[in-house]
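Could you have a look at this structure, given as structure tokens, before my questions?
A, B, C, D, E and F are the chain letters, set down in written order, and residue numbers restart from 1 in every chain.
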Amino acid sequence: MEGIGKMGLNDYQDGENLQLACLIKDAQAKTTKTNSQYLALTFSDQSGELSGNLWDATAEQVAAFQPGVVVELTGKRSSYQGRPQVEIQALALAPEKRPEDFVPQAPESVADMKDALRPFFTAIQEPTWHQIVVALVAQHGEKFFTSPAAKTNHHAFAGGLAYHTLSILRLAEAVCDLYPALNRELLYAGAILHDLGKTLELSGAVATQYTLAGQLLGHISLLDGEIVATCQAQQLDPNSEAVVLLRHLILSHHGLLEYGSPVRPQVREAEVLHQLDELDASLLMMDTALAKTTPGEFTDRLFAMDRRQFYRPQE
Amino acid sequence: MEGIGKMGLNDYQDGENLQLACLIKDAQAKTTKTNSQYLALTFSDQSGELSGNLWDATAEQVAAFQPGVVVELTGKRSSYQGRPQVEIQALALAPEKRPEDFVPQAPESVADMKDALRPFFTAIQEPTWHQIVVALVAQHGEKFFTSPAAKTNHHAFAGGLAYHTLSILRLAEAVCDLYPALNRELLYAGAILHDLGKTLELSGAVATQYTLAGQLLGHISLLDGEIVATCQAQQLDPNSEAVVLLRHLILSHHGLLEYGSPVRPQVREAEVLHQLDELDASLLMMDTALAKTTPGEFTDRLFAMDRRQFYRPQE
Amino acid sequence: MEGIGKMGLNDYQDGENLQLACLIKDAQAKTTKTNSQYLALTFSDQSGELSGNLWDATAEQVAAFQPGVVVELTGKRSSYQGRPQVEIQALALAPEKRPEDFVPQAPESVADMKDALRPFFTAIQEPTWHQIVVALVAQHGEKFFTSPAAKTNHHAFAGGLAYHTLSILRLAEAVCDLYPALNRELLYAGAILHDLGKTLELSGAVATQYTLAGQLLGHISLLDGEIVATCQAQQLDPNSEAVVLLRHLILSHHGLLEYGSPVRPQVREAEVLHQLDELDASLLMMDTALAKTTPGEFTDRLFAMDRRQFYRPQE
Amino acid sequence: MEGIGKMGLNDYQDGENLQLACLIKDAQAKTTKTNSQYLALTFSDQSGELSGNLWDATAEQVAAFQPGVVVELTGKRSSYQGRPQVEIQALALAPEKRPEDFVPQAPESVADMKDALRPFFTAIQEPTWHQIVVALVAQHGEKFFTSPAAKTNHHAFAGGLAYHTLSILRLAEAVCDLYPALNRELLYAGAILHDLGKTLELSGAVATQYTLAGQLLGHISLLDGEIVATCQAQQLDPNSEAVVLLRHLILSHHGLLEYGSPVRPQVREAEVLHQLDELDASLLMMDTALAKTTPGEFTDRLFAMDRRQFYRPQE
Amino acid sequence: MEGIGKMGLNDYQDGENLQLACLIKDAQAKTTKTNSQYLALTFSDQSGELSGNLWDATAEQVAAFQPGVVVELTGKRSSYQGRPQVEIQALALAPEKRPEDFVPQAPESVADMKDALRPFFTAIQEPTWHQIVVALVAQHGEKFFTSPAAKTNHHAFAGGLAYHTLSILRLAEAVCDLYPALNRELLYAGAILHDLGKTLELSGAVATQYTLAGQLLGHISLLDGEIVATCQAQQLDPNSEAVVLLRHLILSHHGLLEYGSPVRPQVREAEVLHQLDELDASLLMMDTALAKTTPGEFTDRLFAMDRRQFYRPQE
Amino acid sequence: MEGIGKMGLNDYQDGENLQLACLIKDAQAKTTKTNSQYLALTFSDQSGELSGNLWDATAEQVAAFQPGVVVELTGKRSSYQGRPQVEIQALALAPEKRPEDFVPQAPESVADMKDALRPFFTAIQEPTWHQIVVALVAQHGEKFFTSPAAKTNHHAFAGGLAYHTLSILRLAEAVCDLYPALNRELLYAGAILHDLGKTLELSGAVATQYTLAGQLLGHISLLDGEIVATCQAQQLDPNSEAVVLLRHLILSHHGLLEYGSPVRPQVREAEVLHQLDELDASLLMMDTALAKTTPGEFTDRLFAMDRRQFYRPQE
């Protein structure tokens, strides 16, 4: 984590001078009405984001300052229409720094998450499910621990996919303790795999975009295909009941056809997986928005919560 | 529980003679095409339900054998179009027996549920919420432990209301352990009260019907009114933030306006209460239907689960 | 009404100088691209609204010129992008003037509306309804005659609530004359109370905002709670048929669950109240929009009329 | 009205013998399980309807007793499964009687309705509207006063179309008195014509069916076509503003595209016509259902009121 | 086709005696009110279907006469409630006959369909698509030419899948001729594969049922998995653009998420494939229903055409 | 086509000077923050569109440079925020030029389209349909060949109506060849007339607007009225089966009530016409958008295709 100053982008106050390395998250070339070119930039590091304009940008600057590159930024923190910004004084490429060090990170470290996941793998003793889960996590492992769980909305940070998966597993464990009729192994296996297709759907944690396969096929079908490929590699019958149940949990986990599941949950554990997925995602979205809100006020409208605003009670 | 034979209605096989006390759950006077009158009856006890026709019913019999009365039934178990029925040989009123002994019961005893609920009451230390919750449960206590949670669908058994409430509280405890930003006291208070209006909406556990107030106002508004009345009795301001938050949890717990909540959840704990309510209700509906289904088969269509059928895997 | 010049904000032509007292309805601090601060202001008085920018605003000015304060405005009327505006030359607080004198008013005076309402109160002879209606209007009386009926959309002017209520009563009278099977007393009682909860839901006629209780509970449940509280104070049974019918009219008057009624109309007078509420609201919205439209043209899209535009025929 | 006995079908009690002339409203040939043929008949007269089976029906009887013919019925009133029926003892054609004397009639006589309509025609002074309205009512006059307003649901009785039209006009008059900005002449003209297409859409008051044009085009487009034809006959421009406004009221009077209007109301009077149409239709449906319901009970589900049940309060 | 008499089930008139071999399509054991058992049977052959009851059925008969077996049927054609039936006089198993000879067949022979399909395979020159299409049709070839295209609704006959595919290809050829910008090879490849998953989703042409994989995964995901498996076997990259485009056509061909496609068409040929699929399916459903309808009458309501009825014009 | 330079608006590169005649398609008077007036202009010719601002516009210029006038434009091509624009150097009216020479044209000439249409007219031998089609096309002929098929979206170019009609007829011919049960004459007649009402609904190809009749009645009802008027002129019965079928095809061709058809298709040819209309419209919209898109990229969101983006594969 060397390479980042003591303070992050969001640790400065209005009027303070700042100098630090950060990532260009978004860059748009624009022109003023008087025809001079400028770059509208969004910077990010692990502390958050900050926007600013680079006035009178040269063609070289427009070409160099692309989303995903790390820069050394010198400027002064101010406000524009109630929103914080930076008045840029100097901007230079910092190619020796790694972009992935400047994206927001999951609240738990990769090592901790790996430790926390281990017992859930162990609990899956049914051989087919165990075999498929182990093979697929091994295959996508590195991306599993670095990908976000979404392009925007919930868990849109490095490691978000693993963190979201782990949170659902912890909920699943509690629910299985309370409702012993549930098949714990099937639910764990489905939870581990349910969003793993996002490693193929999204381009990664830095400047996240949809891949072509992600846009045209979606992470649900992508992972279903991966299961079939794994079955073939491991000489398992993709239409055996055990595999069909696991594929069903993946395919149905969005709950409704309108949300992109080609089938609705028709197995008890599939319905529970869908509900726990929704519960964890909405808790994270509400928590994130409420943390930015003054007590006694409402959050902004949350697009993925049906545009609702949430109230943060007085402390 | 004296007064019930060793075996219940559902413990007999086809062709066996049965003689036992049970409840008339439904009774409809009908006429054959040749103009003789008969009664189409549904009997119930704690083991389940069984139907049968009383042929050539007299006017006295039609008047006597009403829903909600206990009878002594003699007959023979058979099948009609694939469904079990009883060929009635004799039927007599058994007025010395109590109808409430012949309705299905929650899986935990009232005493156990009271014990299990106590810590949740204790955990609510915020004085306004504590005061309101204690007062309302004291006031509706007896019905709270005997009412069903619904007329049909989920938790439609005596004690179902308390059992459903307790299940949500247990889920809420687990979720609060995993997501510490949640206000545990508010969530517990809302969970305890969320369906308490059903004691006013429904007529009770025997031959459950909607009351007029239940039909025209609904349990959500009924309980909201009870909170206001309690505030007035206890000299609390019904529009203080603490009371408004609690009322909001009750009013919004159906989640969507289409499902009868006049407002959508706009407080984090309200959203969680709604989701846990749905989770427990759907788990109970799936469990109940799957328990009646052979492994390798699908359940009947579950009306309250959007008419889906659920698959019971091979053991 | 002293304190207002002969002419209102909307009585000036382009290019004329204006000097008058008016209300600040909206104020937003903004910054130009060259980092100088200005205030984007909306002024209002009984003649309507007018916008203008206060350039190079000082921190003191930003603090002083808040929504809801009365100011003395000197400037020149002009146009910006086809819309009228004022070029501000001077702006000073006018604390001796009352904000409520500068908000649009209902077309009938409070005194006239009181006179017009009296016979409807008298016509309600059923004792329970009479008692509740009299008590609640007495309690909320002042706000009843000064509140708007909505934050935006229809009847968003001082006295709008009473005026909208009176209009519905006049329609109800005509409908009862034509359809004698209707229970006139129930319909009148429901009409008088149906929107009275807006006195709790909204902050008042000047710079109208939702209250916290308004946002989280809504005016429908707020008034239902008030009825229950009144019953308790007056020792009426809140679940008697008479009270249940009245509460049902309030709860169901939005007609559809999607529009925030927790129950749909299930009583004839409830259905009629809902339809007359809609009829009066849509007539006022159409009338208001058409009055601003040139004959032969269409109005702007009316958000609350499903974004339809209405045509004003050639005279 | 000679030809009908002192008592109608619904004036008898269970067990009484009846002998009277009535209309066959519906007739379906059926076969018992033992292969003997019978006719399931529904009889009607102005007092209502009654069903009964003609056992061992001959081929001649099946051919003769068709919907729409008048018969002399001898039998005994009884009940089958809680519903009144007639045990048929004799049945004979009564060809000398007129079917139209045995269908339910509007509550006002044709003469009274003609008198009541006259002032509304007079009030339409705009020459184009007057000319079109007079021509079309003259052309369809006889059917206008004998047709039902619907096949089932509301105003499904002889004269229902004229009665429904008159009721809307009376509502329109009251609304125009209260909202003087409305164009009374346009609203009256639209109200008179709005359902006149039903004379082409439906086959008449006896055994009402959809015509082919009714099924494939609908009464809205049928009447719009009639207006165009009238314009051509009277040398009026069908695309002049006056005609376009009137056509718009007809085309849009169902309010929503989903209900079969090709355009939504975009003129104030069109919106009002739509709302008054709905108000009168729903009042008649509720009144009819409530009149058949015991105080303290709910009506059957009303299909055209979104399957709601309505409560009839205790007297 | 030996084994079928000169006449089929639907070639007899009322009152005629019939004796022929046919298939039991459906069989339900029922009991009369007097407790004697009977079998309600539906017979089928290539001429259509006919129902009849086998009275006083023995336990052996109930066990033997299952759906999918061929029987020798002797009886008399009659009518029950307007529908044709057979009064069964004798019924015997005919185990020497093949069930598949008694199901309705596509209008073209398998040999003709194979000939007609050949040029479409040849036209696909893009190597990846050619390789996948050839491999999958080879693998599922026999079922491709014998399966129905649906359990009910359209193309529910043996060979229906191939016939429906061929019809779409012929439409696709005509459309590509008129709109040369379309990629003909991609459209043909998508059309050939689009419903091939039905060979896995359905149990076959005789007594068609959903398989477990069909019910829980659906034919869309089943075929997508098959493509991935084929890629692995043929060492093709399943996420290359060529494969992604082909998979997209399969996944999106239901057009809307609500209809079970996990993604909507986002490629021109995908949109065209969806529309041609709908066009052919609706033409076949309308043609089938209209062929059974008298000129001048409407068909029954067609469930899969939004319950519409279609009019058959006078010849 | 004289009067247009060798190059059109879209044939210049950034930085090149341009001088040519073109049409003002849109003109909006605006004011800068410093209160100087300018005109935001959109120019068009057959090569496409280009925008630019006329700074410091005089009142005379604002009055003169209206949508629909032809101007001589001198300027320099540049880019503003990634979009091409023209920096205007001089602008003068060119009243000697015809606006219709500067609107985009259908890909086939009017003469070619007339030739192509002729066989379709000849094929309609049913006398009623032939008579109506010939009369209506004769009456609206000139506009039929110059009108666009829509204000925006698909076929929004001069001759678009005839071109869209011809494309549907070519599809219809191919479909009738493949499905011989279709009534080819009815389908052709419906296809020719289906959008002919757009000649009344829209103001023409230059600066297309809705007419009042178009806005309040819609092209569907407008053409239905024209058919009725033609029947009256030609002494045909508008309610004969032949006319009713043709009117039904026009009225139902939008397919769903929500899309403005007052009835849904209930005749086979009506369903086919609707589907072919959709197929041709969506093909043209996709083709137009894809032609502007780089291979490997997605189009902009297409509003009339449910806001989908379409992918243009790598060549």
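The criterion applied here is as follows: a residue touches a chain if its C-beta (ideal position, glycine included) is under 8 Å from a C-beta of that chain, and two chains touch if they have at least 3 such contacts.
Predicted model, so just to flag it, every value in this text is computed and none were measured.
Counted by residue number, the contact pairs of B-E are over half the same as those of D-E, the matching pair from D-E, D-F or A-B.
Homomeric contact chain A/chain B is classed as same-residue, with over half of its interface positions used by both copies.
Centroids of chain E and chain F (each the mean of its C-alpha atoms) stand 41 Å apart. Inter-chain centre distance (chain B to chain D, centres taken as mean C-alpha positions): 44 Å. Shown for chain D are the residues that touch two or more other chains, namely 212, 215-216, 241, 245, 266-267, 298, 311. Annotation, chain-chain contacts: A-B, A-C, A-E, A-F, B-C, B-D, B-E, C-D, C-F, D-E, D-F, E-F (touch as defined at the top). Residues of chain F that touch chain E in their complex: 167, 170-171, 174-175, 177-179, 181, 183, 241, 245, 264-268, 271-272, 275, 278-279, 282-283, 286-287, 290, 298, 305-306, 308-311, 313-314.
For chain C in complex with chain F, the residues that touch the partner chain are 78-82, 298, 311.
Against chain E, the residues of chain D that register as touching in their complex are 29-31, 35, 212, 215-216.
Of all residues in chain B, only 200, 211-213, 215-218, 220-221, 224-229, 232-233, 238-239, 241, 244-245, 247-248, 251, 257-263, 266-267 touch chain C in the complex they form.
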